[in-house]
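Next, two complexes with chain A in common: one pairs it with chain B, the other with chain C.
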Partner chain A sequence: MAVATDLHADLNSMERRRKLYSAVVLIAVISVIFSGYGQANSMNSGGFLDGLIKFFDYPSEIVIEAWEEKLGLPALFWKFLPAMLETLNIAAVATILGGVCALIFAFLGTANLGVWPPLVPIARRVMDIMRAFPELIIALFLIFVLGTSPVPAMIAVAFHTTGALGKQFSEVNDNLDRKAVEGLQACGANWFQRMRYGVIPQVLPNYLSYFMLRFEINVRASAILGFVGAGGIGTELRRTIGWGQGAGDETFALFILLILTIFLIDQASSYMRARITESDRST
Partner chain B sequence: MQIDNLTKSFGRVTAVDNVSFSIDKPQMVGVIGRSGAGKSTLLRMINRLTPATEGQILVDGTDVLTLNGAARRRWQRDCAMIFQQFNLVPRLDVVTNVMLGRLNGHGLLKSLFSLFGQEEIERAVAALERLGIADQALQRAETLSGGQQQRVAIARALTQDPKMILADEPIASLDPLSAEVVMKSLREIHERDTMTVVCNLHTLDTARAYCDRVIGMLHGKLVFDGKPSELTPSAVRDIYGAEQEIDESTTSTALRSAKKSAPVMTAEPVPA
Partner chain C sequence: MTDITADRYIEIEKTTRGRARLGIGIAAAIFAYLAYAWVAFDMNGLISSAQPERALLLATDSVAHKVHITKSLRNDRLNIAIEGERTATYKTPPEWIEKSDDRVFANLGEGYSIDINGKSATFVVPDYGTILIEVVDKKVITTLPEGPVPKWLRATPAKFDARPTLGRRLQVSKARIEVHKYFFGWENFFFPFNSELNAYSAGELISLAVSGDRLKDDMSNAGYIFQTFWKNPDWQHGNVFIALLETLLMAVLGTFTAAFVGLPLAILAARNFSPSGTVRFFVRRLFDFLRGIDMLIWSLIFIRSFGLGPLTGALAIAFTDTGTLGKLFSEALENVDGKQIEGVKATGASKLQVYRFGVIPQILPIFVSQGLYYLESNTRSATVIGALGAGGIGLMLVETMRTSRDWENTFYIIILTVFLVIAMDRLSSWLRRRLIEGRKEKV
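Right, the complex of A and B next:
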C-alpha cells in the first residue's frame, strides 16, 4: 500500500514539475517577443506602428499599376521568361550538385552503416559548417572573386544544399531497418552493394521529397542571389523594385512568374511521391 | 567443418564459451538451449557477422575466422544465413530479393545498374518454384506473410549456391502451419542437395522431428551433442538448467501436438 501512495506522490510532483516548466517556457517566449519588439522599434528610424499603416501602400500600388497595364502583362511574362528560366537553371544545377554531395556526406555521417567510425562525426561537423553559411554570404564572396555571373550563385546554393540536404538524408538513414542490410551482409555483399540494395530502396521516397522541397527553396534562394548580381529573375526584380513607381506592372509579372514556378515544383513533387507510394499500395 | 575452442566475450559476459564440435558429413543439426545460451552468437560467428574472440573454424583446411575482404565475403556466400526476422529488403520485389543472393561476385557497374543476367533470373524463379511461392514473385517482400517471407529468404539462400545453410530461429516468429512448411523445406534441401543445415530452435519437438543431431547449449557451453533419441528427460533438464521436468507438449508449436496439449481444465480452482 505504501508503494502505491509513494507512486501517487511521485506522479503528482512530476505533473506539477511539468506544468511549472511549461509556464516558465511560456513566460520566456512572451518576454522575448516583447523585448525584441521594443529593441527593434527603438533602432528603426520610423516606429513600427507608423510603418504598419503604410505597409500595404507599396503592394497596392503595384497591383493598381498592373491592373492599369493588364493588357501588357502577357508580353511582360514572355519578356521575363528567360530570366525565370535562368534562375530555375541555377537552382536545378545547384540542387543536383548539392544533392549528390549530400548523398555522400549523409552515408558517411550515419553511424552503424559500416563506415569507418571516426569518419562519422567528421562528416557531420562538415555538414554543420556548410549549413551554417547563408547562400548570400558565400555568393557575395564568390562574386567578389569570380565576377558577376550565375556560376558563383550556383556554387553558393550547392554548398548550402550539401549541408542542409545531407543532414536530412542522414536523419532518414537513422530510421532505417538495418535487418535488410544485415541480410545482405550475410550473403557476402560488399559495402557498396549493401548500401545500393539494402539502404537506397528503403530511403528513396523520403530522399525524393526532401530533394524536391530543397529544389523549391533553392529557386527562391537563387532569385534572391540575383539581387547581388548573380543574374536571373532576382536582377530583374532589383531593377523594377529599385525604380519604384512606374515599374509596378513589371514587378507584378515577376512575382506571378515566381509563384507559378513554385506551384509547379510543388505539384511535380506531390505527383512523384504519389507515384512511388501508390506502387507501394497496389502490390 | 571443425570448430575448435570457439569463444565470444562481450565485455565480461561470455556468450559462447570454448565450444568445439565438428560436422564431418552433411547433417541436419539442431542447436537448442535457453534464450541467451549463445545459440545465435554461435551461428553469427560461423557466418562472420559477429567477430569471434578466440578459437578457430576449419573448413577444408582453412580457418574461416582469418579470412578478410573478398575471401571473407566469398565464405559468407558459402554459408547462407536465414534469420528469425527474415531480413529481406522490404521495398524490393520478391524475385529481386532472391537475386540479391547472387550479389557476391558482381562488379561495381553491374551492382550500380542492377544488372541481373537471364541465368540469374531463371535461377531465382526456379528457387521460388521449389519453395512454392513463384506466384508472389513480383510482389514487394513487405506485403507477404511471415511464412512466405521466410520462404523467400530460403530461396535467396539457395541462389547463393551455398555449401551449408545456417538458420537462426527460422520459425520463432511464425505460426505453426508456416513453421511446418519452413522446417519441411529446410529438411528437403538437406536431403535432396545433401547440404548441411544448422538450425537454432527453441522447441524441442521440432529438433526431434527434423534433425539428425542435436547440440545443446547452456550459458555459452556445449552441454549435449548427440542423436535426438538420446535426449532423455534428464539431458533436457541439463540443457535448460531446469529444476523440474519440462513438459514438451506445452511448449510445442507443432500442429499434431496441439490436440494432446489442449488445456485441461481442473474442476476445482486452485486456492490462491
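Right, the complex of A and C next:
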C-alpha cells in the first residue's frame, strides 16, 4: 500500500514537472512571436497598421487596371505563355538531373546495399551540404559567370534537389525490406540484378512520389529565381512590376498564369501521388 | 499441368518484356526532353558566351586583396591604397615600393617589376622581356619586345592592360597609370586600416581588454575593441549580423505564425472534426488559395504594402505556410486513432478536454516535426525573399554582388548564410530527434 502511494506521489510530481515544462515552452514560443513581431515591426520601413490599410491597394490596383483592359487579357496570356513554359522547363530539367544525381548519392549513402562502406558517411555529408546551400547564392554566382539565362537557375535548383531528394531517397532505402535482396543473392544474382529486381520495385513508388512533390516545389523555386534575373516568368514579373503604374494588366495576367499553373501542378501531383501510394498498398 | 506452367511462363515473360520496353520508352522520352531543353535553353550559345575567367577572377578575389598604386596623369598625384579606397591609403609606402620625386619603383616579386617615371612606365616580365608604355599627346604608345604578342596583354592607343599572372596587373590610360598587386588573405578583417589596434597581436589584445590603460577615456578597452571591430567600414560586421538576424527573424516568425494559425484551421478542415461540410469546404479552399498564390506573389504584395523589412518576409512566409501546414495538419487529424478519443470521452471529459488529452497528443509529433522541418526550409526561403526586396541577408548579398567591387565581402556573406542554414538544419533535426524519438522511447 505504501509503495502504491509512493508511486502515486512520484507520478504526480512527474506530471507536474511535465506540465511546467510544456507551459515554459509554450510561454517562450508565444513571447518569441510577440516580441519578434514588435522587433520586426520596428525594423520594417513601413509600419504594420499603415500596411494593413494599404494591403488591398496593390491587388485592387492591378485588378482594376486588368478590368479596364479585359479584352486584351487573352492576348497577354498568350504572350506570357513562353515565359511560363521556360519556368516549367527549368523546374523539370532541374528535377530530372537532380533526381538522377540524388539516386546515385542515395545508393552511395545507404549502408547494406553493397557499396564500399567508407563512402556512406561521405555521401551523406555531401548531401547535407548540397541541401543547405541556398539556391539564390548559386544562381547569382552562375548568372555572374554565365550571363542572364535559364541555365544558372536550372543548375542551382538541380544542386539543391540533389541534396534534398537524395536525403529522402536514402531514407526510403533505409526502410527497405532486405528479404527480397537476400533471396536474389541466394539465386546467384549479381549486384545490378539484385538492385534491379530486389530494390527498385520496392522503392520506386516512394521515389516517384517524392520526385513529383519536388517538381512541385521546384516550379515555385524557379519562378522566384527568375526574379533575380534567371529568366522565365519571374523575370517578366520583375519587368512589369518595375514599370509601376500602367502595367497592371500585364502583372495581373502573369499572376493568374502563375497561380493557375501552380494550382494545376499541385492537383495533378497530389492525385498521382495518391494513385501511386494506393496501388502500392493494394499489391 | 506442364501446359499451365508453360502458359504462365509465357505470360510472365510477356509482362517482363512489356515492362522493360516501357522502361526504355520512358528513358527515351526523358532523353528527348533533355535534348529539347538543350535547344530551348540555347546551351550552345551559352557555352560560347560564358565567361569562365570571371569565375577564376571571383575565386581569386574572394580570398585575396590587392594594393593599388594609382598615378593620376592629370594632376600628377600618386596614391597607394588597399583596394584603392580612400580610407585605406598608405601614408608611408610599403617596403616593396620605392618612391622618389617623380619616380615609383614597384617590386612585384619573382622578377616582375614596374618602374613609373613621369608619364611612362616600364614593365619587366621574366620569360618575355621589358615593355615600355608611354603616354604622349593623350595616346598610349606601347613598345613590346620582339616576338608574338602574348594573350594576357592588350595594347590599343586608348588603353594598355597587361596581367601576366593572376596577382599582377598594369593598366595605363591617358588619364592614369594603375598597378595592382594581389596578396593572399582578407585585409583588415578585424579592424579598419588606420586603427591603432592593428598593431597588437591576439594575445596582446586580450590582455589589453582585461587589464591595461584605457585607450579611449570614455569606454573600457574591451568595449572599444569590440566597437572598432563591429563598425569596421570595409566588412560591416555589425550590419551583416543584423541582416542575418533579420533573415532568421523572418523564418522563425513566419513558421511559428503559420503553425499556430494553421492548427485551429486544420481542425475545421478535417473530416472527422469539422463542424459542418460547408466550413470544411471553405477552409480547404482557403488553404489551396494561400498555397497556390505562392511565396513570390505574397512577397511582392507585402513589399508594396509593408515596405522593406523582416515583417514583410515573415508575413509572406506565414501566409504561404499556413496553407501548406494547415493541409498537412488536417490530413494528420483525419488519420488519428478514434479509440483514444473514445476512451477520453468515456471518462466524461468535456469537449476541450477531449481535444487536449485525446487529439493533441496524437498529432503533436507531426505538428512539431513538420513545424521544425519548415523552420529549416524557411531559413533558406527567407534569403530568397530578402533578395526580392524584403531585406535581410538576401538583399545584402544581391547588393554586394551587383556592385561587384569587393568579392571578399560577398564571399564572407555567402559563408555566413550557408553556416546559418546548416546551423538551423542541425538544430531542427536535433530537436526533432529529441522530441519525437525521446517520446517513442518512453512508450
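The rule is short, and it goes like this: the second predicted complex is superposed on the first by the 247 of 283 C-alpha atoms of A that agree within 3 Å, B and C clash if a C-alpha of one lies under 4 Å from a C-alpha of the other, contacts with A are read in each partner's own complex, and residues count from 1 in each chain.
Definition applied: a residue touches a chain if its C-beta (ideal position, glycine included) is under 8 Å from a C-beta of that chain, and two chains touch if they have at least 3 such contacts.
Keep in mind that what you see is a predicted model, and the values were worked out from it rather than measured.
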item: Which of chain B and chain C A:S13 touches, first, second, both or neither; value: neither
item: Larger contact residue set on chain A - chain B or chain C; value: C
item: Contacts of A:V228 with chain B and chain C, given as first, second, both or neither; value: second
item: First, second, both or neither for A:G51, with chain B first and chain C second; value: second
item: First (chain B), second (chain C), both or neither touched by A:Q193; value: first
item: Contacts of A:Q202 with chain B and chain C, given as first, second, both or neither; value: first
item: Contacts of A:D177 with chain B and chain C, given as first, second, both or neither; value: first
item: Partner chain in contact with A:S22 - chain B first, chain C second, else both or neither; value: neither
item: Partner chain(s) touched by A:Q185 [first = chain B, second = chain C, both, neither]; value: first
item: Which superposed partner A:V151 touches (first chain B, second chain C, both, neither); value: second
item: Common interface residues of chain A - those touching chain B in one complex and chain C in the other; value: none
item: Residues of chain C defined as touching chain A within the complex; value: 30, 33-34, 37, 40-43, 46, 49-52, 54-55, 58, 246, 249-250, 252-253, 256-257, 260, 288, 291-297, 300-302, 304-312, 314, 380, 383-384, 387-388, 391, 394, 397-398, 401, 404, 414, 417-418, 421-422, 425
item: Chain A residues within the chain B interface of the complex; value: 177, 179-180, 182-190, 192-193, 196-198, 201-202, 204, 280, 283
item: Residues of chain B touching chain A in the complex; value: 47, 49, 73-78, 80-81, 83, 85-93, 100-101, 103-104, 106, 108, 111-112, 114, 138-140, 143, 153, 156, 160
item: Partner chain C, residues of chain A touching it in the complex; value: 29, 32-33, 36-37, 39-41, 43-48, 51-52, 54-55, 57-59, 86, 89, 92-93, 96, 128-129, 131-137, 140-141, 144-147, 149-151, 154, 220-221, 223-225, 227-228, 234, 237, 241, 255, 258-259, 262-263, 266
